[in-house]
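Per-chain numbering from 1; labels A, B, C and D assigned in written order.
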Amino acid sequence: MHKLLTASEAVGRLVAHGSVVGMGGQNINRCPMALVHEVIRQGVGGLTVVGCNLSLPLDMLVAAGLVVRTEQGTGNLERYGTLFAWRRAVERGQVTVGDHSHLAMASRFAAAALGLPYLPTRSLLGTDLLADMVASGVAVESVDPFGGRPLVLVRAMAPDVALIHANRADTLGNTVIEGVTSHEVDMVRAAKVTIVSAEEVLPAGAFADRPEQVTIPEAYVTAVVEQPFGAFPTSVYRAYDFAESEIKEYQAVGRTGDEELRAWISDNLGASFEDYLATRDAGGTLRGALSDRMRSLV
Amino acid sequence: MHKLLTASEAVGRLVAHGSVVGMGGQNINRCPMALVHEVIRQGVGGLTVVGCNLSLPLDMLVAAGLVVRTEQGTGNLERYGTLFAWRRAVERGQVTVGDHSHLAMASRFAAAALGLPYLPTRSLLGTDLLADMVASGVAVESVDPFGGRPLVLVRAMAPDVALIHANRADTLGNTVIEGVTSHEVDMVRAAKVTIVSAEEVLPAGAFADRPEQVTIPEAYVTAVVEQPFGAFPTSVYRAYDFAESEIKEYQAVGRTGDEELRAWISDNLGASFEDYLATRDAGGTLRGALSDRMRSLV
Amino acid sequence: MTALPRELLVVEGARQIRDGDLVIVGTGLPLLAATLAQKTHAPGAKLVIESGVMFPKVVPTPVSVVDPRLMHGASRHGSLFEALGGLVQRGLVRTGFLGGAEVDQYANINSTTVAGKRLPGSGGANDIASHCSQVVILTDHERRRFPARCGYVTSPGFLGGPGERAKAGLGPLRVKVVTDLCVMEAEDSALTVTALMPGATAGAVLENTGFTPAFADSLDTVLPPDPEELRLLREEIDPACVYFPERIAR
Amino acid sequence: MTALPRELLVVEGARQIRDGDLVIVGTGLPLLAATLAQKTHAPGAKLVIESGVMFPKVVPTPVSVVDPRLMHGASRHGSLFEALGGLVQRGLVRTGFLGGAEVDQYANINSTTVAGKRLPGSGGANDIASHCSQVVILTDHERRRFPARCGYVTSPGFLGGPGERAKAGLGPLRVKVVTDLCVMEAEDSALTVTALMPGATAGAVLENTGFTPAFADSLDTVLPPDPEELRLLREEIDPACVYFPERIAR
């Protein structure tokens, strides 16, 4: 099967209304912005978005009115503040939330990645966080049959579709990620289908001389999309730093309100991610500066 | 703490009588021969040897009379036959055996690597293999509380000391393995202490420009030993092929009997691994040929 | 060109692989069969090796699951846990090839111990038999290899009989046993002889089987290999006769 | 050179780190404290970041746990599961730094929701509070931040009181809360004020705390930073005043 598609083809074929979407990236790093923009352009709604830290891509999807539920460890942009659209939607009751610790969420993905119904964890014990997870049916309290100590079992999480952005992929789907991988490898191995967008797509077998360095093997990848700066304004390790000015602007708009965010989205997303990049960074000077800055950091 | 030691220092400090030894390598690949020879030279006995596939190093330890129990998925050399000393000792009842499937054994290491008392698996169900594991207290039959299906829980296995051989390490213990890693990464993360022997030991931070490529980070490594051809006569991917003639000779001796094996060991091991290499391959022509052959295969 | 009995076995084994299958194999005849399938009707079949090798381009002729010849040009070099947990237990590997000292009438496999004799043990076999949806067994047809009931069940076929696999919590399975005398198949049932090897007789099968297998009403004869299959096997896949010493003998 | 209140907080936070400790931190003041400790009394202390960074050589000044400045020169770039499962839950990380909207008298932390207001959530905080043996909390001393009981317990301190942590199945913990007014400590107990910041009074502490903390009989005063500590903090660790806007203000 031919895996190399455009973002529009891949999202059109693999992201359906009501899907559970496994969101790649974390905070200001390697968020799959190009793929998420395409979900917004195609208006695929009723989504449940799951991940460890959910940040910019979730907030845009919520602002676009496409999200009904999130399951995550955190929703924020750290120093750049809360996710305003998400927070408002949650406080209004328009989006329901399943809270987890990051290890609990990572364990749910790992369970599904291994074909198991659950994984145990010794986190969560004694807290309201556990009580909520038990109430929502994603955790049960248990006892270690070997040592007799209390233990929590967290239910496998297998997204309908995972969206991630990587440094490189080959046309077969073999994917190389540089820097940390957060929760992404197990999330992808757990997902029913996965779309990988990459800074660069190389010929089949491009990594076959160093298979240890393949972060995610083709067996788990359904579609590959080539999109340089596909994580902008978030960072890609060794490729470009995050664009603080862009994130601050989005947050400033987000603080003002949902209407303003929707206006920002329709003013900026354009017909393709290239359109968007041209709108935000006409001459490419910002992108050039971000690449230079990254080179000075690694 | 200074981690760079000789094999004699590392084994002397970290392998004690009665230890549970996590054995690296598999079949004819990357077995920690230099470290195992040193255990034999120092006569550290009463050992329980654990791993997935146990091969040449286990058989030598058994022939030397140092092993009381093994827990593994397989004990053999595939095409090169059974482990004669181990098989005889098991059939005589001198060595007790805990059988596992390879996934069950890998899951036991992974549980300990994650600080968990057990991991679930859907293997083993319905078999005598499960009955034996339950009887020996390393598995219990359970039911998935989410889906209601039968499930097996396998008990965490944390070796007292893990022994592995790698392509490269730095003096801090950061370790790079090329080719497959079998069960080794989780076994090392599970072990109380770990000795890594490596073809080449590099200065501290040698891999800091590509941290994704570090197979085992320094946090899990207690001692580092430099030993070129430290896996001989087994292979090290991209460094040298396995020495079929050497393995066949050992097996021919093994077939004849334990006395003969002990004689072979005392005739060949010498005072150091360099001695042994000089005895088996005086001019280094065999080693040269094995390196050339590997270059033609990768 | 007439095929040797064990060559027939490899060719018929290859025919069990569908194009696009993920196939987990060890070394020996199963690896030859899988490689032959890739070079003939199943170019899209992908190999998974329990040691952690995913989708290698095999260099002739590996003798171990960690042989560098089996790691060449792979999609990934990972771990046992990735291969047997992340692919096999995860349900992504359709077909597994297995061997064993004993295979009983319900396709259970013993690779642990026979009559007090210590054997290698399960390795990945139990995991493959527990999670793949098709298991193929290539073996010489000897009476001692086919007891009514294994002395020790290392890897599950249909356990005590129909329904028991599901009762134990295992998924559905299709088993095909290919020997130098015949092909036997089972699906939640006892092994049934569905085809004979060219020249083999039902009598020879019964004589060399420790239980009394049923025979399919329409008993096929296995198609002999075509010359190209034999050429690939002899010239490209095992040119040094690593697994066919009898070919040198001739 | 006199220290700003929040600089004192960072310096006292750094003092909680022993040489050789593995320390898990996020960004902000805790990262400044951990970096300061490495540059002073704890050169052998190693940083673990929940995103999967192990033992980085921090470049000033990261604003995120995935900031490239926090990935520089690391021992390994791994995953959340490796950092929080393989190191923290595995018990290899002694000290964790945490923040939170509310910290109650039993050192439980709320970072999920306050009075219907949605907060970011646990992240790795619950995991760190469950598995580290020492938790250090750096926070401004405001009454609303120190209720008698958190409205929602995201991360466990001593839960309902002495013995409850063990009853829940959690290991022993030592908590140190460092504020601009004082240092509070607890070990299977309620938080007790053990030291005051220079110039702070017991009255000010009581006035700004939502519960009534006990005071240690021998109440210490926190040692002011020495000039070198301040120099490191201002010139090497946060030269751009990313976390000290008030330093520019002056």
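Everything that follows uses one rule, which is that a residue touches a chain if its C-beta (ideal position, glycine included) is under 8 Å from a C-beta of that chain, and two chains touch if they have at least 3 such contacts.
Just so you know, these numbers come straight off a predicted model, no measurement behind them.
In terms of the distance between Cα centroids, subunit D is separated most widely from C.
Computed centre separation for the pair subunit A/subunit C is 41 angstrom, with centres defined by C-alpha atoms.
Centre-to-centre, using mean CA coordinates, subunit C is 58 Å away from subunit D.
In this assembly, the C-alpha centroid of subunit B lies 28 Å from the C-alpha centroid of subunit C.
Counting only residues that touch two or more partner chains, subunit B has 115-116, 121-122, 149, 151, 178-179, 212, 298. Residue positions 53, 71, 77-78, 81, 85, 89, 131 of subunit C each touch two or more of the other chains.
Taken together, the chains touch in the following pairs: A-B, A-C, A-D, B-C, B-D. By the touch rule above, subunit B contacts subunit D in their complex via residues 113-116, 172, 174, 189, 205, 208, 211-212, 214, 217-219. If you check the complex, the residues on subunit D that touch subunit B are 22, 46, 53-55, 57, 71, 73-78, 81, 85-87, 89-92, 131.
Listing the residues of subunit C that touch subunit B in their complex gives 26-28, 49-53, 59, 63-69, 71-72, 77-81, 84-85, 88-89, 108, 112, 116-127, 130-131, 152-156, 159, 164-165, 168-170. Touching subunit A in their complex are the following residues of subunit B: 115-122, 137, 140, 142, 144-147, 149, 151, 153, 155-156, 177-179, 209, 212-213, 215, 298. On subunit B, the positions that touch subunit C within their shared complex are 26-30, 52-53, 72-76, 78-80, 82, 86-87, 90-91, 97, 99-104, 106-107, 110, 121-129, 149-151, 178-186, 235, 237, 241-242, 294, 297-298.
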